[in-house]
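Labels for the chains are A, B, C, D, E and F, by order of writing; each one numbers its residues from 1.
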Amino acid sequence: MANINFLLTEGPFQTEKWATAAKIAGAALKKGHSVSFFCYLDGIYNGLSTQKFADWEKVPGDYYKELVEAGAKIVCCGICVNARGQQDGQFFYEGIKVGGIPDWAAFVGEADRVVTL
Amino acid sequence: MANINFLLTEGPFQTEKWATAAKIAGAALKKGHSVSFFCYLDGIYNGLSTQKFADWEKVPGDYYKELVEAGAKIVCCGICVNARGQQDGQFFYEGIKVGGIPDWAAFVGEADRVVTL
Amino acid sequence: MEKKILFLFIRAPFGSIQYTEGLRAVVGMMSGLDEHKVTCVYLGEGAYYALKGSDKAESAGYVKTIADISETDYLVVKESLDERGISEDELDDMFKVVARDEVAKLIADNDIVFDF
Amino acid sequence: MEKKILFLFIRAPFGSIQYTEGLRAVVGMMSGLDEHKVTCVYLGEGAYYALKGSDKAESAGYVKTIADISETDYLVVKESLDERGISEDELDDMFKVVARDEVAKLIADNDIVFDF
Amino acid sequence: MALYLINLPFAKEGLEMAKRDSEAKVVLIEDGVYVDASGAGEVYAVKEDVEKRGVGSRVGDARIIDYDELVDLIVDNKVVNFA
Amino acid sequence: MALYLINLPFAKEGLEMAKRDSEAKVVLIEDGVYVDASGAGEVYAVKEDVEKRGVGSRVGDARIIDYDELVDLIVDNKVVNFA
């Protein structure tokens, strides 16, 4: 079994990267691999529990919530979170943590593979 | 005097567009022109009053607050605001409004020029 | 005041959301008080949207609403197709192929030009 | 575990923030418990950052911190410069010009390759 | 009279259009100042963007303009957005 | 053995690198499936991205893979990110 770290630098809706990363990570978890995410720059918006979009059954945050529930570790860059006005991540789903680049460096140290999206 | 509408579709920090648009709009207001903004897609993140970034004296939201104070009308797409988890814009600066594409269509109707960034 | 508006769809579908949010904007522009007139042009990487098999599910509702309001042209630029090796028989019926020279005329003829 | 990490800076400065946030990331990678070893390569539109006159104000602090931790190479790809008509005497001293062939070797030699 | 606002990602398409407009004015903005726009009409480049990128010697005959001058150009010409 | 993850914006640079790697595997992902990657090693294209874009007939010899197969490739090869 492998350990895969994802670097996510773009937000929900605007580009497709949040979806692609979630799908790859979901498939990896199902196969029994370990998965971690570092959400950097606009990537931090993906963990919000407050997203509401009637056109879609599930919003991007729901996919990330499910990844956490399936065992993924998700850490968002705290500097990015507060720069982008997201108040220490108080509206993030439970289990989506606010941390720093040292957390990411540790993920990378443990990872067998790193995928940036 | 002219009426200039800006369409802003990208958020703060990630790209430079928030800054370029604010600078052009600021110069236009000083010359006595009318300025309106429609913040669409990630553009809606620019109006947040909660941005905190110690490296910069002013955060992007501050520039938009100043534009409002200088007379610019700023409306954010409500569907985008809620899709992106920004809860009816409750943390936007006062004067930065949540509306819809009809507001933008009205801006465009009144505008002599439209600049998209 | 009613305006003539050209929407240029220039980003590749579907990596970014503009391909459908741009059409949402078209609906809004046409259905406001001013009833702006819109023409949609697909060029550059945006030309891929004209492929027959490209997924229109997310945008079909807007296309239908637009049709209900008024007849609207969906044009795709011939040079953009040629540069990508796309032949006309690969295109969805809703698109009409035009040369860049025609788009230049449309730019001159419209009041406002958005890029999406 | 300590890793060898290649940072590819490929986006144009300064339209997007990656040119400096990527260097912030380099600092973090080098200063963590694992003390990863980093090499920075500028290629594609990222090559413009190597221009002598390009504004380093926002990133200078990271470059200094990186130098304080360990000697780190800032490489710019010759073919990317050539394609943009940039001659070597237009470059800032901190950059060393390498051919794409060299970058291919670096890719083989590093454990992780990030694009910024 | 149309003013083509040109950034890097859409520069190719934008310049193709400007070249078909005998009265085109082209403004290179943000990463657009990296672009060679010669032959696409009267070319301008935004001062702050040129200086930040250190490309003053690379923008050729482009007239360097500040935001005040850009506003005047925007007001005086129809804006065609490729930015 | 390296796996080059290639999206559209960085395709040119990514493919140049893959071509210099005799054991390269290339995965076209998201808008990367629009890219002609012939000559850049063993080429794969992500099924969901190909289908959404309707480019099944355009990706040539690329092997179409689902996310499960992509995960296997990621696990079995060093990942080089151009996505």
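Heads up, the rule we're going with is that a residue touches a chain if its C-beta (ideal position, glycine included) is under 8 Å from a C-beta of that chain, and two chains touch if they have at least 3 such contacts.
Given the structure is predicted, the values throughout are model-derived calculations rather than measurements.
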If a chain touches subunit B and subunit D alike, it appears here: A, E
Chain located farthest away, centre of subunit B as origin (C-alpha): F
Approximate Å spacing (C-alpha centroids) for the pair subunit D, subunit E: 29
Centroid distance [mean C-alpha coordinates] between subunit F and subunit E, Å: 35
Where subunit A and subunit D are represented by their mean Cα positions, the distance between them in whole Å: 25
Subunit A and subunit E: spacing of chain centres that average the CA atoms, whole Å: 38
Two or more partner chains touched - positions in subunit A: 13-14, 16, 41, 114, 116
Touching two or more other chains - residue numbers and ranges from subunit C: 14-15, 17, 112, 114-115
Multi-partner residues of subunit F (each touching 2 or more other chains): 30, 78-79, 81, 83
Chain contact graph, described as a line, ring, star, complete graph or other shape: other
Pairs of chains found to touch, sorted by chain label: A-B, A-C, A-D, A-F, B-C, B-D, B-E, C-E, C-F, D-E, D-F
Complex interface listing, subunit C residues touching subunit F: 12-15, 45, 48, 51-55, 84-85
Of subunit A, residues touching subunit F in the complex: 2, 4, 16-17, 20, 23-24, 26-28, 30-31, 33, 112-117
Of all residues in subunit C, those that touch subunit B in their complex: 1-3, 5, 17-18, 21, 24-25, 27-29, 31-34, 36, 112, 114-115
Residues of subunit F touching subunit A in the complex: 5, 29-30, 48-49, 67-68, 70-72, 74-75, 78-79, 81, 83
Complex contacts: residues of subunit C adjacent to subunit A: 14-17
